[in-house]
Every structure is written in C-alpha cells, then in structure tokens.
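Listed below are the structures to be examined.
Two complexes are shown next, each including subunit A; its partner changes from subunit B in the first to subunit C in the second.
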Partner chain A sequence: MAVRELSSLEKYLGLKKPNKYSTQGDKKNNNGPPLAGLATIAHQLVKEAERPELLGDTAESRAVVHQWLEYSVTKLDSYTKEDIKIILKDLSLYLLDKVYLAGNQFTVADTLMYYGIHPVMVDLTIQEKERYVTVTRWFDHIQHHPGVRQRLPPVLIHRNRIYMADTIEI
Partner chain B sequence: MKLFVSEGNPHCLKVLAALEVTGVQCDVQYVNHEEKVVPFLSRPARPALLLPSGQHLFSSNAICRYLFEVKGNETSELCSQWLEWEATELQPALLQALYMAVLQGKGAEVSTVLQGPLNVLDQSLSKGTVPYLTGEAVSLADVVLWAALYPVLSDSSLALSEHKSVKAWFDQVAAMQSCQSAAQKVLQGKGLQGMKSYMQRQPAPQSSQCKAAQPCNNSPAEGEEGERVVSVEEMEAATLTWSRGLDSTVPADRQHPILPQEGKRNILVTSALPYVNNVPHLGNIIGCVLSADVFSRYGRLRGWNLLYVCGTDEYGTATENKAREEGLTPQQICDKYHAVHSSIYKWFQIDFDFFGRTTTEKQTEIAQDIFWKLHKHDFLVEDTVEQLRCENCQRFLADRFVEGSCPHCNYAEARGDQCDKCGRLINAVELRDPQCKVCRQTPVIRSSKHLFLDLPKLESQLEQWLDKSTGAGDWTANAKQITRSWLRDGLKPRCITRDLQWGTPVPHPDFDKKVFYVWFDAPIGYLSITANYTDKWEKWWKNPQQVELYNFMAKDNVPFHSVVFPCSLLGAQDNYTLVNHLVATEYLNYEDTKFSKSRGVGVFGDMAKDTGIPSDVWRFYLLYVRPEGQDSAFSWSDMAMKNNSELLNNLGNFINRAGMFVTKFFEGCVPVMELQQEDKKLLALVGWELQQYTQLMDKVKIRDALKHILNISRHGNQYIQVNEPWKKIKGGDTERQRAGTVTGVSVNVACLLSVMLLPYMPSVSQTIRDQLNAPQSCINTMLQGSGTFVCALTAGHRIGTVSPLFQKLEADQIESLKKRFGGQQPEEEPCEKKPTLGSAASSHPAAVPAPAAPVEVATVNGVDPEKAKQLTQAVAEQGDKVRALKTQKADKAVITAEVAKLLDLKKQLALAEGKSPEPAPQKGKKK
Partner chain C sequence: MAAGTLYTYPENWRAFKAQIAAQYSGARLKVASTSPAFTFGQTNRTPAFLNNFPLGKVPAYQGDDGFCLFESNAIAHYLSNDALRGATPQAAAQVLQWVNFADSEIIPPASAWVFPTLGIMQFNKQATEQAKEDVKRALTVLNQHLNTRTFLVGERVSLADISVACSMLWLYKQVLEPAFRQPYSNVTRWFVTCVNQPEFKAVLGEVKLCEKMAQFDAKKFSEMQPKKDTPPKKEKAGKEAAKPQEKKEKKKEEKKPAPEEEMDDCDAVLAAEPKTKDPFAHLSKSTFVMDEFKRKYSNEDTLTVALPHFWEHFDREGYSIWYSQYKYPEELTLTFKSCNLITGMFQRLDKLRKNAFASVILFGTNNDSSISGIWIFRGQELAFTLSEDWQIDYESYDWRKLDSDSEECKTMVKEYFAWEGDFKHVGKAFNQGKVFK
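Here is the complex of A and B:
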C-alpha cells in the first residue's frame, strides 16, 4: 500500500533515480539511517525533489500540511463504515472555504490524502458524492492536478445534481 | 494564538510539555471535554491550537511541531519519523492500554498490549550511543513520546523491568521541570484516574480484526482464479450427467400473445422506456434494452414463461422542443424517431416480444383510470405553483424554455432549471431578466393550480411493500441504496400535472388544458404497451400472485420505479403487479470524451452498424464492460483487445479447433469417446463453470456470468493443448482412440458453449450449432436445473462445415474508428461522459461535462503468460510440421494451409505476450 503511494509521489515529483522501498515502506536513505513511515518518507522525497513549497511556506502552513499528512496515515489506513462517514463529513466542512487542504496552495498533503481517500471515493454512490460535495469538488480538482492521478482510475464526478434536486424537470 | 486543552486528556500533556519546553507565548484555555472548539470536526478534538491566521490545528503532534518550529527548531527527519510512529503505531496501543487500565480495571494486562511498541523503542534506544531519541539533547520526539507514554508509565503498577533503556530515557525526560509541570496540569496528580472522565467519552478501541477491510477495486471480469481442485465425486457426477443424453423435447416456438400460465414461472420483463427525441447511444443500449434482452433470452432458455416489453417514451417538453427545432409536429417527431429506435434495436438483435410507444389510446385510458382511482382514494392534493408564462406564445414555459441571468453567479445564459456555469439548481421564477426561449419576450409570473400525488400519505404502505420486495427479490445494491435514501429524507407530495399540450390530458374538469407530468405518465407506458400487445394485459399487470416483474434501467431511473410509480399503483388499490426485481446499472462512459451528437463524438446506435463490426461483437463487448456494480468505460482499443484475445484467440480458437479435428481426422463424424480420468476432470470443471453461470444469470449478474463462458473455452484450449490429438492421431490404435476421445469431448464442449452464448451472441450461437449440425434439443437440455452438460453430439454424429467465427480487429481499423467517432477535438481535451441512460420517467437536465483526465486503457489485459507458454510450444510444433511436410514434398495446398496456421499461431503468441503482432513474414523467406 504505502509502497505504491510513495512511488506515485516519486513519479509526480519527477525524481530521476527511483528510491528503494521495502514492503513496510522503509526507504533506504542514501545519507543516513533508513527512514520509515509514509508521511516521513513523503516529506523526505519532497525535499529531495527541491519542492519545499509543497510542504508549506510558513511555519503555520507547514504545521497544517503535517497535520493532514498525519490525518491521512492515521485515519485512512483502516476504518469502519462509521469512521468514513465522519471523515467525509469533517472534510466536507473543512474544505467548504478552501481550495486545497492547506488553503490556497497545493501541497503534498493533497497528494497523500488523494491516494488515501481514492478507494473511498471509488465506492461512493453518486448520491454520496453529492452529499459530500466539497470533498468531491476537492477530489476532482486533485485528480486533475497534472501528474497526480497516474494509474489510478479516474472517479467520475457529475456536476449536475440528480438527488439533491427536489424537482426533476421534464 | 490560543491553545485549548482539557484536564485529564492525555494528548494535551504533549502540547503543554512542548509549550513549557519551548517557552512559546500562548494563551491557554481550559475547556470541558464536550465543548466544540474546531468548527469542522464532528468529535470534539483536544488539544486544539487557534493559529494567528485563524486556522485550527487539531493534531497534538502538529501543534508540538509548530511550537518547536516557531522557536527556530526545525524538525529533523528522524524526529518526523518518531512522530509518525507515535501516531500510527504507539497511539492505537496506548488507547487500548488506557482503556483497559482506566475503565476496565485490567491494569495487569497493559504490559502485554504495549509490549510491541516498547520493544521497538527499547531496541532503538539501546542501539544508539546517544541518550535521547534523536541525539544528545532533548528534541521534539522525546517530548512527544514521553508525554504520550507518561500516563501509562507513571502508574506504578506497570513495571518497565524488561525495557531498561526505555526506563532510563523516560526517567531522564521526566526529570525536566517543564515536563513535571505539564503533567501536573493535565493529571492533577490523580494518575490514571484523572483521565477517567476523558476515557469514558472515547469510543471503545477496536481490535484490528473488526475493522472494515480496505475496499477493493478489482475489475470483476478479469479476476484471476487459481486452478480449482476437482474431487472424485465431482468427476463421477459430471460423467453421469454427461451420459444422460439429450432431452427429446424440442423447444416450442413462442406463441403470441404470451400470457401467464398456471404452474409456470411467469416473468414479465421491462426495460426503461427510451426517450423518443434522440438516437440512443451505447450507454442507453447496455443500460436497459440489451441487459433486459440477455436476461429474457436466458429466461426463455430456462423454460420460463416470459414476456419482454418495451417502447418509446414520447410525451413531454423535450419532444415539443425537438418538433419546433425540426419544423414538424410532435406526432411526426415521435413517428420518425420511433422508427429510428426500432431499427437500431433490431440491428442489435433485441428480441422484444413487443416494442410499443406511449402515445396511444390505451395510454390515455389506463393513465386516466389510475388517476381517477388515486383521486377517489384521496391521494391527490391541490396546490398553486408559481410559473413563468409567455403572453406572446400564450403558454406556460417549462423550465428549459426559459433563459436568463443566474441569480447566483450572473451567468447570462442560465436555464430555468440549472445554471451551466455554476451548476446550481435554479427555480425558474428566480431567474433575472427571464426570456422566453422561443420568442425572446419577457415572461410574467403567473400562478397555476396543480395536482400533487400525496406521497407522504402512502409512505408507510410503500415501506411495507419495499421491505417485502427488496427482501425477497434481486434488487441491485445501488437500487436498494438509492431507494433507502429517498425514504430516509422523507417523501414530499409530487406534482403530477403540467401546463403543456403534448401529453396525456388530465381528465379532471378543474384541470382542463393540463397534461400529466411525464414521470407520472411514462411508467404507465409499461402497462399501456402491454395492453397494445394483448387485450388480456391485466393478466400480467393485475396479477402479483402469479407474475414476477423485472425492471431493467440505469440507476438515475431508480427512484421513479422504486418509490414514485409503486406509490401510484399502491394508491390506485387495484391489485397491480409491482416490481419484484429492480436491476439497475451504473454508468458507461465513453473513452475520455463525452458522447455528443452535435460534435460527432461517440458511438450512437445508428452508427454502430457502419463500423463493419458485427452486431454480436458489439453485444459481447458492451456486456463484457457492462457497468455492473460500478461505472465502466467503453474504449475502442479495449474492444479490439477483447475481440482479439477473448473472442478470436480463446473462444473462437477453441470451437474452431474442435470442429476442425472432427473434419480433418475423423471425416466429419464425431469419434467414439472412452472417458478417462483426464476427460472426466474436464467434464467436472466445465460443469462447475456452467453451474456458476446459471447461478449468476438467475441473479442477473450478466457480466460475471460471461466470464464463466470464457473460462470454459480456456479449459478446453488447455485440454486440447495437453492431450495433443493432432499428434496422437498419427500413433497406434490406443493413441488414435485417445485422439478420438479428446476430439469428441472438445466438440461437445463447443456445443455447450453455443447454448451458453445464446443470450449474449445470438447469431454466433446459431452459427456454431449450424457448423456442428447440433440438434435443436440441446438448447433446452443444457440449461436445465443448475446446468446439465450432456453429450449432445454422440459418436457417429456428422457435423457441418466448420469455418472461423471471428475476425481480428486490426490496430489501424480501430485507430480510424477512434478518429471517426472522436469528433474534431484534440485528444487531450479533458472531458467526461455522463450518459443519461434511457429514462422512462425522467429526462433530467442535460449532463454538464465535468473535467476528467483521459482514461488510460489497461493494455496489459490481453497478456497471458500461461497461454504464451502454450503458444510458444504450439508454434514450435507447427513449425516442425511444416518442415516435415516440405521434406515429404507434400501437396502444395496442404503446405500453404499449414503455413497459414503457423502464421496465425505466431500472431496469437504476439498478442498473448502483449506485443503487437509483427507483420507476417514473407513467404519463402524461411526456405
């Protein structure tokens, strides 16, 4: 799981020589001890790619980025149906006035959250996608962010609502 | 900056310690456990930090990281790693440990729970040469981990005797004044008990087993299955069935009108009525008429007494609109397009028992009858609706006949129902500067009296019926879910009348000059179409005791068939047959682009035949990608791939080989078969696949069932490959006998395949039986019970002329089709297709294309290493054969035929290896 997400991230960042990961998601660090942990390695990869803006450009936004990285590794690794409802509801509310997780800037948190939440989105019915419309909007935005989606199947998003409409026009 | 904490919350200890260690200035506010601090979180989160920017941090680790960073301590990677480990590995264990210790009084078991993480920590600390986690000095990692562990480790009942390094480290950090002070603030010296009220509010930790598995997203059609182990009993049972032979009864011809019969399974199949004003596209076809056709054909094979009706839905604004566009009357438009629909479905071999239309006398009669019954039973209520009326055109304007500025975003060309720019739904009377789309005059707001179906009054009755129907019938998951959500949101009265001309007139004198709203009217079309088929239509439609009703549709149509129409029928109280099985597909998308008639993008029903690809192959591919359970996409290259790998190389190859062996080695007569273990095993394997097929088809899993047909021919190919009848035929008597058995069994499997294929590819199915000269009775024999694979072609049976069933779809052919149907736009244009599949009751607002990146077609689908291995061998053997014939100076025609076979094998090999087949080598080059 983690390996796939990391190599996707690597590809997105355009890193030339691919790193080696073990199945636990360990990364063999060229200069130092091996690192473990999806968010940690993601962080390291972004640094390697010299794209610091993806980690946030102020202490505040860096903290926000880390918060969402942590959120995606803790909440989206395994979950119950109930958890998912809460996650989608909270994210909906959070994203109400934001373009990206860290506000107006695309960051690595969007990428990992996208990879993490993709299996959830694939399973949502059209109706649920409408209910969590801001998450859906954010998700659609990220899946079209150049280079992010890669081999993942695109999730179909309809822009017209069919369920929330209380009158269906003839 | 403001930090919110609660007493007794262990996570708050981290941030308070970090605050003390870093000395950052910050307001600390103590709040109770329930108070909502972070506006977007459903569960109260502590600690929470309100940042100067107004954003909230709700993760304790992120807050600590931030506090360290504002003091100029950048977080090292190693530190990051510990924080992540803390969040993902340590916290779940700690949560469980605290739960046990604080609430369950099982403090003794805590050490078992924490064993794993403590080992990790201990190893790391004992390995290093430095006293702290990341170096010589206390870092963010030490503070966070110490604080996380403090509540548990400070409790004297937990000894750290096994983890000496952890103990040393822990004590060292704990000795810091700032940590002591933070601990005091949170736990108030009460130890574990200080956390009781916090822990009581936490959900019980779940053990890892009861967590939901990750949702999987496999493509069901391509699931891999290992070799099934066949038991001796299975083999014996299969052999017994095999020897039973054919049923002597020949399927009776259909006698119209088909009516329910006592003692039979009486099945009524409908597919959503396609809206008449446009040409159906592939999505429409797979979504309703084709799926229902496959099921109907299958049902007839099973011997059910089945009636399949459908027709065009012809009333409504869209037709009026189209008529105006084309300068015809609505009736002329309906006549024109009804004919278009009929001919398309004919080409796709949709075998309706009756294909009617909704603009008939019967429709008026039945719709008005239902209306009066609803009226009589008091399920109709009156209300006034504000509507726009164009005084110039002398009519009320349906929503799509008005345009104006969007009240939300000021987009100038918003429609009366929705704004194309911001996507928001609009009530037509809210539009700014509304204009009549026809004459461009400004309409006025008028109120108009309308009738509403009182759904709330019918709700409990509906729920009772739904419980029964969804419990006993085969409703697809999406159908159940959509229905449930409609009920959950509560039903509201729905308007059933409209101020239009083109519709079924409302018979009530107070509602003169009004017609029924199409959603009320259209589903009644099922009844009226049946009534046009037979006068005894009520035997189907007012006979729930004897009749089982299947409705096929795309998911956008579900509410009308599961909630609204059943309410009309329930309210009429006339013993109507209500749906038993509601089968809804998801959406089929088209490549990376939206179907668009005007831009010439996509394949529409009338164009499919111009592609030169046979109707059966179209049917096969559409069914192979049937959006069953999830959305799927039509793709040209995938279609070519499936045609070449599945139809040509797998199915066609097997059937052709089996027939050719009979022709060539046994003078066209099926040889004597002496079954051995190997053959019996094949019979059992095939029998099992057949059983899966019938089980799935009974449950209308059309796409999944198709997979089992293809599995059978895969088994068959392997069987031939392993047994090599072409070699054995040249051997001694025993060997020749063996070649005979293998050939005989294979050709019988081919016969079975023809029957299983019938619902999917009716022409190919018939062609196979013609080539094999198979008796008609094999058709109803094979699908009896859970499937019976009998020896239909016995020794001595003479087969007909065998010829290839399928043709390869070449890459250039596919490329040119892709271009032809791809319209003028550049390939990269991000766009997606949301087809509105045949809508019986609604033709909802036109789909707005949402951006989507190009769909990448999995081109690896055809790759099959197992097959490649077999083919490599086959190529080598065929090569030997050709060389042998040449040295023997055999007849030229024979050599040419064998060379052609060799080339074909090489092509197949290339396909199986996932390469594009190389151009055929020049003749004579090998000499």
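Here is the complex of A and C:
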C-alpha cells in the first residue's frame, strides 16, 4: 500500500518522471542508489520536487513531520478494527488545537496521512465522523487542498450535527 | 493588479487587514505610516488629504492611478483577489457576513475591554464586565462555527479570516489569558493558524498570545490625558494637533468612536444625578477622593498600594470610619444565605456608593457565623439617616464610630480591607468578604 501512497504523492508534487517501486515500497531511484522506506522516499520526492516547505519550516516542525510519517508507516500500513479506534482517538486528541499535523502549514505529513487514512474515513458512519470531529475537520480540509485528492472519492462531511450537540469525545 | 499607497498610523490593526490581503493577492502596496510620507495628526488634516479623504481618517488608500478609498474593509476588499473575496456569490456573502460580524460583534466589546488596559480609556468596572460577557458570546459563536471547520469560509483563508483575526489581535495579545480562552479552543486553534500563515506573519510579525490578563493601567492613562481643566472633547478639533499628547488623544478617538460616546452618555447621567438630590449637599468639600481610592483598591495590591494611599489621603473632617456588627448572629444559618444578606444590603444602598466604601466579612461556617465590617462614610454621622431609602438594613447592625488615630482602627481597617489577619475580636475564621464600592 505504501506504493500507492507514494505514487499519489509523486503526482501531487507534479514530478514528471515517475519512479519505479517494488511491492515492498522500495524505490528504484532513477538517478542514485535505491532507497527503502516510506518516510525516506517521501523526503527524497519532496526534495526532488524542490518543495522544502512541505517538510516543515522550522526544526521543530521538521521533526514533527518525521514523527507523523513514521506514524503513518507503523500504524496505517496494516491495522485491525480495534487499531482504527485507537488511531482515530490519537489523531482527534492531537488535532484538537491544530489545523495541520506539523506546525501551521500544510506538509507532506498531512498528504501521506490523508492517503493512509482515506480508506478508514470512507467507511466511517456519520455518527463516527461526528465523534471524531477534529479528525473529520482536518480530513475535509486536506481533501480540499488543491491537488491532494486526485482520483480518490471525496468523503462527504456533514456540518450539521445530528447526534451530538457540541461535545467532542476523545 | 492593484498598486498604491496605504496611509495609516503605525501598528493599526485596521490597516493590517488591507496589508494582509495585499500579501495574499500580490497587490503592490506601499505603506505610508511615518514621516515624511505621512505624519498622523498632520498629513491627514491637510487640504490635499481631505480633498481625497473627506473624513481625514486612516487607513486611507490611494492607487497609483489616482483611485481613492477610505474605510478599511473597502480597502481590504479592493486589494484582495477573488479567492479572498469568495469565489461564488454564496461564499462572497459569507465573507461579508464575517467582516460585519467582526465590526459589530467583536470590535465594540473588545475596545471597551482592552483600551483601559492600554491606558487609552478610563476604566469602568461595569463596562468592562459587560464587555467580557459580550466577548464571550462572540467567542462562543465562533467556537461553534469552527468546531467542524478549518477556516471561516470554505477550505482556505479568506477576507473573513483576515478581518476577524485582525479584530481579535488585541484581545489575544492583552486579555485572553489561557484560562479565559480555554473553553474556546477552536477559536484559538484557528487564530494561531491564521497569524502564523506567512502572509499574516509578514505584516503582523510574531504574535504572542496573552499569558496574564492585562488590567487597567491608571498611570499610563493619566499620562495620556490632556490637562485636567480643559474641556476634553471640543478643543481638540479646534487646535491643531501639534503636541504629541493631543495626537494620542486623537488616535484614541479614531480607533473607537462607539465606546467613547457611550462613556460620555454614562458620564452625563452620573454627573446629572447628584444635582437632583444630594443627601450630602450640606457637607463642605473633602480632599479625600473616594473614587480614586476605590480604583486603587480594585486594581492594585491592597496592602502595598491601596492602604498606604488610604491613610495618606484620608480626611478625618470630611469622612468617618465605622465598625458594624450584625445583631443577630444566632439567626445566621447557611453561609450563602448570610452572603445574600450582605449583598442585598449593598444593593439597597446603591445610591450611597459615591459617598461610602465598606468591606463586610462573614466569619465562621454554616450555623455558626457572624457578620462584621468596616465602613467609610462621608460626614461624621451614620449616613443611613440621610435618606429613607437607606434605612432598611442598618438597624440590624450595631454601629461604632472608630477613632481614626487609634491602633484599633488602623488594625481593623487593615484586616478588613485586606481580608486577612488575626481578626482577634471575632473569634471565628474568615469565611468570605464582600466589598461595597
């Protein structure tokens, strides 16, 4: 699945020469040694595209970007139903006071998290989307970010709250 | 693409709106805020300026093509691009909705609350409390809206975010301390995100959120006031603003016309009141200024500032100090009821406020308590006999006039004003205090 996410990222970055990936997500670099691992390759792609701001604009947010890339790799590669609940709780707590995953700007962490969590969001019921309202808000914002969604189906977000008045369950 | 000059005084949040919009749209905007290009109070009074901008107010915009605009929202709108203005009729209308929301729901209470803390407006406790409530209401609306949204309109920054965020700059910088803003976490998240966007940052610099709620700055306020004996409003328009002091005065007027007018009405009512019927009219003027002491007491530390001020200025001829004790302590049951007894008395004595001050304390616990207090009145007699409106409660208390030179009086005043000390004569622990001011 890392392969699919990396191709999406490549497309988002507008890289002309698509790289080749093996099923393990290894990248056969077009001009250089082969690279392995989603986070490493994502870094490399962003650098190739000359969009350094997507890796974070301060040392702190660069570290946070890395943290969430790693989170995507370890938590969103394969998960059980129980894992999903934990992931959504993690994220909704984290996003309580944040608009983006790292710092105050859109970064590659948001992109890859979006690709990673998209299958989860598609399957959420309206009620669940309300329960994890901060994740839903974040997700809706990212899927509207120009060029990110590509061919993925948009996830419908309801603004009107049906089940919960204004409480956020975390 | 628009290109032109924005006239303003420095650090004007109204001008910020236009400047940030220009950052987003790429409009080429020169800012004239310092001499020689623009001197506030002078340039905007020149005939040339008034010819283009009849109000003489800033911010004002003049395009390189000669196109002139006043009113900050219009300028910001003009300097925006379509994305900022809202691309569809619906979005554009929503943007307008929030721009107006900022002007009518946020700015008036924000000014009433923040300006006294900056020393550019007199402190008025009731006005400040009312403003806090109004700010809370606006924050609640915003918080609710931002619960499911990242930005105010659509999924990207618009003029709505620029306007509302700029209108809240002073609130977040001066008074919205962490505890106060805690229930409005969606608003804070949105605000922090906005002011940290590169386009905002380029104009605002680093915005540091308030850590401790700023209080009224009496010293700064008095420094910024023009001399006392001149009538404060009219002469400003007459003379040219050569003196820096007057310039600041003018600036304040520029910033918040609404609250100042309200203040005037308020003052007028207060001023008119004693003329109708003043129970203390027979007394000669006193040197002790009650309001000044009350301000010190309310706004500054009691032991280090308010008490020394009190003893330094207290006028024993014009005022007297009294000890009051509730006659029927055995009837006091639940503490909250006892407190209502005290505050109820204060309410019924409302018209006495100008000429009295009191700190009344409830001691002890439920079913074992007593009430006593220290009162300062105009004159040498118990003030309650002067008006029949004041006679409901006082007979339930024993009253003893204190000799202001005595040690006993000094100790009691200190303990009762500060709500701490031994309270040796009471024999029960301090429960809570109420202040009549």
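Heads up, the rule we're going with is that the second predicted complex is superposed on the first by the 162 of 170 C-alpha atoms of A that agree within 3 Å, B and C clash if a C-alpha of one lies under 4 Å from a C-alpha of the other, contacts with A are read in each partner's own complex, and residues count from 1 in each chain.
Operating definition for what follows: a residue touches a chain if its C-beta (ideal position, glycine included) is under 8 Å from a C-beta of that chain, and two chains touch if they have at least 3 such contacts.
Being a predicted model, the structure only gives us computed values, none of them experimental.
In the superposed three-chain model, the partner touching more residues of subunit A is B, compared with the other of subunit B and subunit C. Shared-chain residue A:149: touches subunit B; no touch with subunit C. In the superposed pair of complexes, A:138 makes contact with subunit C only, with no contact to subunit B.
Of the two partner chains, neither subunit B nor subunit C is touched by A:51.
Once chain A of one complex is fitted onto chain A of the other, the partner contacts of A:157 extend to both subunit B and subunit C.
Once chain A of one complex is fitted onto chain A of the other, the partner contacts of A:99 are limited to subunit C, with no touch recorded for subunit B. In the superposition on chain A, contact of A:11 is made with neither subunit B nor subunit C. Touch criterion met: A:122 reaches subunit B, while subunit C stays clear of it.
Residues 96, 103, 140, 144, 157, 159, 161, 166, 168 of subunit A touch subunit B in one complex and subunit C in the other.
Those residues of subunit A that touch subunit B in the complex are listed here as 1, 29, 32-33, 35-40, 43-44, 59-60, 62-64, 66-67, 70-71, 73-74, 77-81, 86, 89-90, 93-94, 96, 103, 119-120, 122-123, 125-127, 140, 143-144, 149, 151, 153-154, 156-170.
Those residues of subunit C that touch subunit A in the complex are listed here as 144, 147-151, 154-156, 185, 188-190, 192-193, 196-198. Chain contact summary for the complex, subunit A toward subunit C: residues 96-100, 103-105, 133, 136-138, 140-141, 144-145, 157, 159, 161, 166, 168. Only residues 39-43, 51-53, 55, 57-59, 61-63, 65-66, 69-70, 77-78, 80-81, 83-85, 87-88, 91, 206, 208, 210-212, 214-217, 316-318, 398-400, 416-418, 423, 425, 478, 481-482, 485, 492, 495, 498, 500, 517-519, 555-556, 587, 589, 630-631, 830, 832, 834, 842-853, 855-856 of subunit B touch subunit A when the two sit together in their complex.
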